[in-house]
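Listed below are the structures to be examined.
Both complexes shown next keep chain A, but they swap its partner, so chain B is in the first and chain C is in the second.
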Partner chain A sequence: MRSLGGLGRPSLIAALVFAALACVLFVIGALRSRRDLTRAGTRSLTAASGFTIVSASALVNALFAHDFSIEYVANYSSESLSRGYTLAALWGGMEGSLLFWTMLLTTFSAVAVRRSRRANPRLTAWAGAILAGVGIFFLVLLVAPADPFTRLAPVPGDGRGLNPLLQSPGMMIHPPLLYSGFVGFSIPFAFALAALITGRLDEGWFTSTRRWTLFAWSSLSVGIVLGGAWAYTELGWGGYWAWDPVENASFMPWLTATAFLHSVVIQEKRRMLKIWNVTLILLTYVLAVFGTFLTRSGILSSIHTFTEGPIGKWFLPFLGVMLIGGLGVIAVRADKLKSENRFDSLMSRESAFLANNVLFLAAAFTVLWGTLYPIIAEAVTGTRLSVGPPFFNAVFIPIALAILALTGLGPLISWRRMSPGAMGRVIRVPLIVGTVVIVALALAGIGSAGALIAFGLCAFTATAVGSEFARGSKIHRRRGATGLASALARTLTRNRRRYGGYVIHLGVVLIVIGLAGGAFRTERHALLEPGESMRLGAYTVTYTDLRRSETPEKEVNEAVLDLRRGGELVAVMRPQRNFHVAQQQPQSEVSIRTNPVEDVYAVVTSFDPDGAAAIRAFINPLTWWIWAGAIVMLGGIVIVMAGEPVGARSAVRRTVPRPVAVAE
Partner chain B sequence: MAQPLETATSPKRRAKFVVGGALLAVAVPTLIVWALSRPGAASFYVTVSEAKERGVTSQDYRVNGTVVPGSIERDGLVTTFRVTDGETEMAVTTDRPLPDTFKDESEVVVKGDLEGSTFVATEVLAKCPSKFKAKRAA
Partner chain C sequence: MKRIPAAVTLTIAIAIAIAIAVAAPAAGAGPPEDLANRISGEIMSPYCPGVTLHDCPSDAAVELRGRILGWARDGWSRERILDRLEAEYGASIRSTPPASGAGLWAWVMPAVAVGAGLLAATAVARRWSRRRAPEQNLDEPTPSQRSRLDSELAQAREQL
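For the complex of A and B:
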């Protein structure tokens, strides 16, 4: 069938021309301080954004029109694919996902530049030039080696359809969120570099891009959690995180970005750590692009890797230019990045923030090391090896627990310095609560030392955060807020950034509780004839029936399982093992019974022709809290974002130094 | 890389941060080396021919290969099949769940150790999701 797919490639070429034009106009505009050229550059960038949107729309149109003369459409969609997943096919393959990424990049860039052009013309001109340069790189990839509009002859009658594993609601939103996160960091990155180039190294660059940073960080956070939720509900191995290289690729920029979000607070409050901050945002962006590269280069084997593409070799020089260029301008401007204050004491809020940063960076480094170790080992010794979850758990868990402890400790410590006596007073209650929880759980028979420490630290941190809320609302009650609820609400709304941040910390505590529950997981795998049972912890699982049916897409085989506890029927579970016709591939559908105490998780790993079923079942204690914690985090993010000023005018105001009330 | 310690001015204060930095410079590599020595942390990839040469080890390693068409047999939870690297074939047995993309001619990685001439796999991986690329429809 014909479609508007023919518009795709010409639009990409037009976008490339406009991006190049924008880059030139911005550079000249910046060098000559010509506002008219900067304005023209902004228009060119907007045009480039418009043409990439047209191009992406052309591909979406081709997907919906089932125009199988386009190879991408034939490879990733089919006549029988539902409408939602037909749209998801836009990011289901390498070329389409790159087009989607580029569309986000040019559009975010145009919006960011338009917003801050009047307030900060020179800064914006340089930032625009850098963003246009990044855009040129991705548009060149799309025009040359990763063209999504390559034609296919002869035209097949139907497409191959989308991989059934990707046909899940989580997969509809997980990739766009990750891409928004990755791409979103290009805005603070470009403004940081622009600040270095112009020599305007006060807080202007990050206050005017703070909403982008928060947006990118939030998208990445939610995207990572959704990826875990997808793995949990679709892949059928009972877990949510496997330390796969591509998971790591999204996690590393998240770690450095989290460090960045914290350390900019010190620059705002105390004018310190300026070099550190520009380096962190540079690292975050390089790691984000590196993540895109890892996914597409085929240099590491991962369940996520796209077919070894021709574009991997394009990324390394690009990454090299960004890293060396970035570090180069930092080195040139090092003298201008001097702190205006110094660390007064090891026991101070500043030191706690610094320790937090060091730990986040150590975590990112160890994960990077584990991810790249196979490549390094192969280059040095010639042996090929694989680094598995035991390594990552061993390095990451201790660092993460230290970070958790600091999450509780940091807000209790005052700026500049704190006397040991004052420290003792604020830390006493959280310390007692944490210890009581550890002792109580140990007496209750929990033997895992790691889990005990984790639960104890969760209690410590939750109490510390709680005491901050209590202190805040006490002040508001004294000032006349009547009830506890209205005092709490006032506390939250008067300083959204600080208390929204604490809500995010509480979400993290809940997530850690859920992760620690993983230490107590139970697994059974058994072959059951209809009517047979197996024990699973305190439960009995009985395979009562096999139900078969057919849809145009798949043959459905459903095992009906009775879940009993103490003889009482608590749930009927219906895991499936289906055969997808278009892909000629079986696909398991997991059945999960979830509650705050524990999940019961059942998968059929195979059916025998005589009707016997191989059932794999898990008890995953506390997993529910991971998703609950993520929702609390999202709530905190909304509170923080609602406290941020919108638009360029307020950004100007914020660049004027003022005694900001940030997480004080 | 950036120096977060640039602000320490007095010698005593500087010393504190230098000690802290040095501790960290030792702690992180130590953590990494310790973690790499944990059981299952790192496993070697070998070809089918190399696996046969190595024979029985007491360590897990990973073998890359292609499933020989027609060799898959299931008996309850136990699946046996043969993998090949194009030159040598090796029998594999496992009682672990197999990935959905596991079938004749799929490219697999089996993790485990040889027992006699049979490779006992504790994990079977197949190349998949976004790796999935449709064969060109004729």
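For the complex of A and C:
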């Protein structure tokens, strides 16, 4: 069937021309302080964005029109694919995902430049030039080695369809959110570099891009959690995080970005750590692009990398230019990046923030090191080694627990200085609660030291954050004689950034509770004939029936499992083992019974011809809290974002800089 | 802070502890199953790139997990099973690098990163704070000063 796919490649070439024009106009406009050229550059960048959107729309149209003369359409869609997953095919393959990435990049760039052009013309001109330069790189990839509109001859009658693993509701949202996060960091990165180039190293560059930073971090956070939810519900191994290289690729920039969101508060409050902040945002963006390189280069094996493509070698020079160029400009401007203030005391909130930053950075390094170590070891020693989840758990969890402790401690410590006596007073109650939780759990028979520490720190941090809310509410109750609920609401709304940040911290605590529950997982598997049972902790799982059916896409084989506890039927579970016709690929669909105490998780790994089912079943305690914590985090993000002024101009108008996102 | 009733905090703490203790399951039924599950989480799958055998959904992985369970049921120790797998699939089947030879640096560098980072940060903070220390008054506020501080903080918060 014919489609608008023919528009795709010409649009990409037009976008590339306009991006190049924008870059030139911005650079000349910045060098000669010509606002008219900056305006023209902005229009060119907007045109590049428009043409990229046209190109992406052409590919979407080709997907929906089943135009299998386009190789990408034939490889990632089929006539039987549902409409939702047909749209998801836009980012289901390497070329389409790059096109989607580039569309987001040019569009975000155009919007950011338009918004801040009047308030900071010179800064914006340089930022525009950098963003257009990044856009040129991705558009060149799309025009040359990763063309999504390559034609296919002869034209097949039907496509191969989308990978069954990607046919999940989570996959409709997870990749766009991750890409929004990765691409969103290009805005603060470009403005930071622009500030370095112009020598305007006050707080202007990050107040101009505050909302972008928050948006990118939030998108990445939610994207990562949704990725975990997808793995949990689709992959059938009972877990949500496998330290897979691609997962790590999204996690590393999240870690450095989280460090940045915290350390930027110190620059706003105390005008310190300027070098640190520009370095962190540089690292964050470099790691985001590095993740894209890892996913697409084929240098690392992963269950969900794109197939090894020709574009990996294009990324290395680009990454080198970004890293060396960025660090070079930082080195040149080092004099202007000196802190205007000093630490007053080691026992201060500044020190807690600094320790937090060091730990986040060490955590990011640890993940990077573990991810790359097999390549490094083979290159240096010729020995093939693997670095899997046990390694990451061993080295990462202690760092994460230290960060959790600081999450509780930080809000309790005052800025500038705090005496040991005052410190002892403020941490007394959280410390008692944390200790009581550890002792009570140990007495109740919990033997895992790691889990005990995690639960104790969760209690410590939750109490510390709760006490901050209690203190804020008490003040409002005293002043307004309102009820507890309205006092809490007033506390939240009067300082959304601070208390929204605390809500995010509470979400993190809930997530850690859920993760720590993984220490108590029970797993059993058995080959069951219909009518046979297996024990799973306190439950009995009975395989009662096999139901077969067919849809245009797949042959469905559903095992009906009775879940009993103490002889009483508590649930009927229906895991499936299906065969996807277009891909000639089997795929398991899990069945989960979830509640705040535990998940019972069942998956069929195979069926025998005589109807016997290989059942794999898990009890995953407290997993529910991971998703609940993510929702609480999202609530905190909404509260923080609601406290942000819309647009850079309002930020610039403020005379007193305000912190970005985290609880101060 | 200190006015939060002790009974409330203790109640919260005990409630959390009870909830977690209820959620944590009793010990599993069969040691062979637990051993097999643990081992499949300690080795990389020869069939799924970058994923442990435990997490690999392929049919071949299911079969290998079954073999490991069989060895565990036959009374093989963890080391014997891991050695057998290493002999069959090579050293890279182990998901953790050895703490010696080519694998040593994998373990050393994260510790070095944390240690060096914290040492550097402490040194910088100490150096900066030492410069400022003589100018500061380290006395703690008196109760009346604390009361005034609370009141002014409340006003400041109200104005934010």
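Note that the second predicted complex is superposed on the first by the 652 of 664 C-alpha atoms of A that agree within 3 Å, B and C clash if a C-alpha of one lies under 4 Å from a C-alpha of the other, contacts with A are read in each partner's own complex, and residues count from 1 in each chain.
Quick note on the criterion: contacts are C-beta pairs under 8 Å (C-beta built on N, C-alpha and C of every residue); 3 or more make two chains touch, one makes a residue touch a chain.
Because the structure is a prediction, the values reported are computed rather than measured.
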item	value
Superposition on chain A - do chain B and chain C clash or fit	clash
Chain B versus chain C as contact partner of A:Val597, first or second or both or neither	second
Touched partner set for A:Trp415, first chain B, second chain C, both or neither	neither
Contacts of A:Phe64 with chain B and chain C, given as first, second, both or neither	neither
Touched partner set for A:Ile330, first chain B, second chain C, both or neither	first
Touched partner set for A:Ile432, first chain B, second chain C, both or neither	second
Contacts of A:Phe607 with chain B and chain C, given as first, second, both or neither	neither
Chain B versus chain C as contact partner of A:Ala362, first or second or both or neither	both
Residues of chain A touched, compared between chain B and chain C (which is higher)	C
Partner chain(s) touched by A:Thr522 [first = chain B, second = chain C, both, neither]	second
Touching partner for A:Gln585 - first (chain B), second (chain C), both, neither	first
Set intersection of chain A contacts, chain C complex versus chain B complex	236-237, 301, 303, 305, 339, 342-343, 346, 354, 357-358, 362, 365-366, 369-370, 373, 383-391, 394-395, 399, 525, 586, 588, 605-606, 614
Chain A residues touching chain C - in the complex, by the definition given at the top	235-237, 239, 242, 244-245, 300-303, 305, 339, 342-346, 350-351, 354-355, 357-359, 361-362, 365-366, 369-370, 373-374, 377, 380-381, 383-391, 394-395, 399, 412, 417, 419, 421-422, 425-426, 428-429, 432-434, 436-437, 440-441, 444-446, 455, 458-459, 463, 467, 470-472, 474-475, 478-479, 494-495, 513, 517, 520, 522-525, 535, 537-538, 586, 588, 596-598, 605-606, 614, 619, 621-622
Residue ranges of chain A touching chain B (in the complex, touch as defined)	68, 74-76, 92-94, 152, 156-161, 163, 165-166, 236-237, 272-273, 275-276, 278-279, 295, 301, 303-307, 330, 338-339, 341-343, 346, 354, 357-358, 362, 365-366, 369-370, 373, 383-392, 394-395, 398-399, 525-527, 583, 585-588, 603, 605-606, 608, 612, 614, 616
Parts of chain B lying in touch with chain A, wherever the complex brings them together	1-4, 6-9, 13, 16-17, 24, 28, 31-32, 34-36, 38-46, 62, 74, 76-77, 95-98, 100-101, 103, 109, 125, 127-138
Residues of chain C that touch chain A when the two form their complex	1-4, 6, 9-10, 12-14, 16-26, 28-29, 33, 37, 41-42, 44, 48-52, 54-57, 59, 62, 65, 69, 90-97, 101-103, 105-107, 109-111, 113-114, 117-118, 120-122, 124-126, 128-129, 131-133, 136, 138, 140, 153-154, 157-158, 160
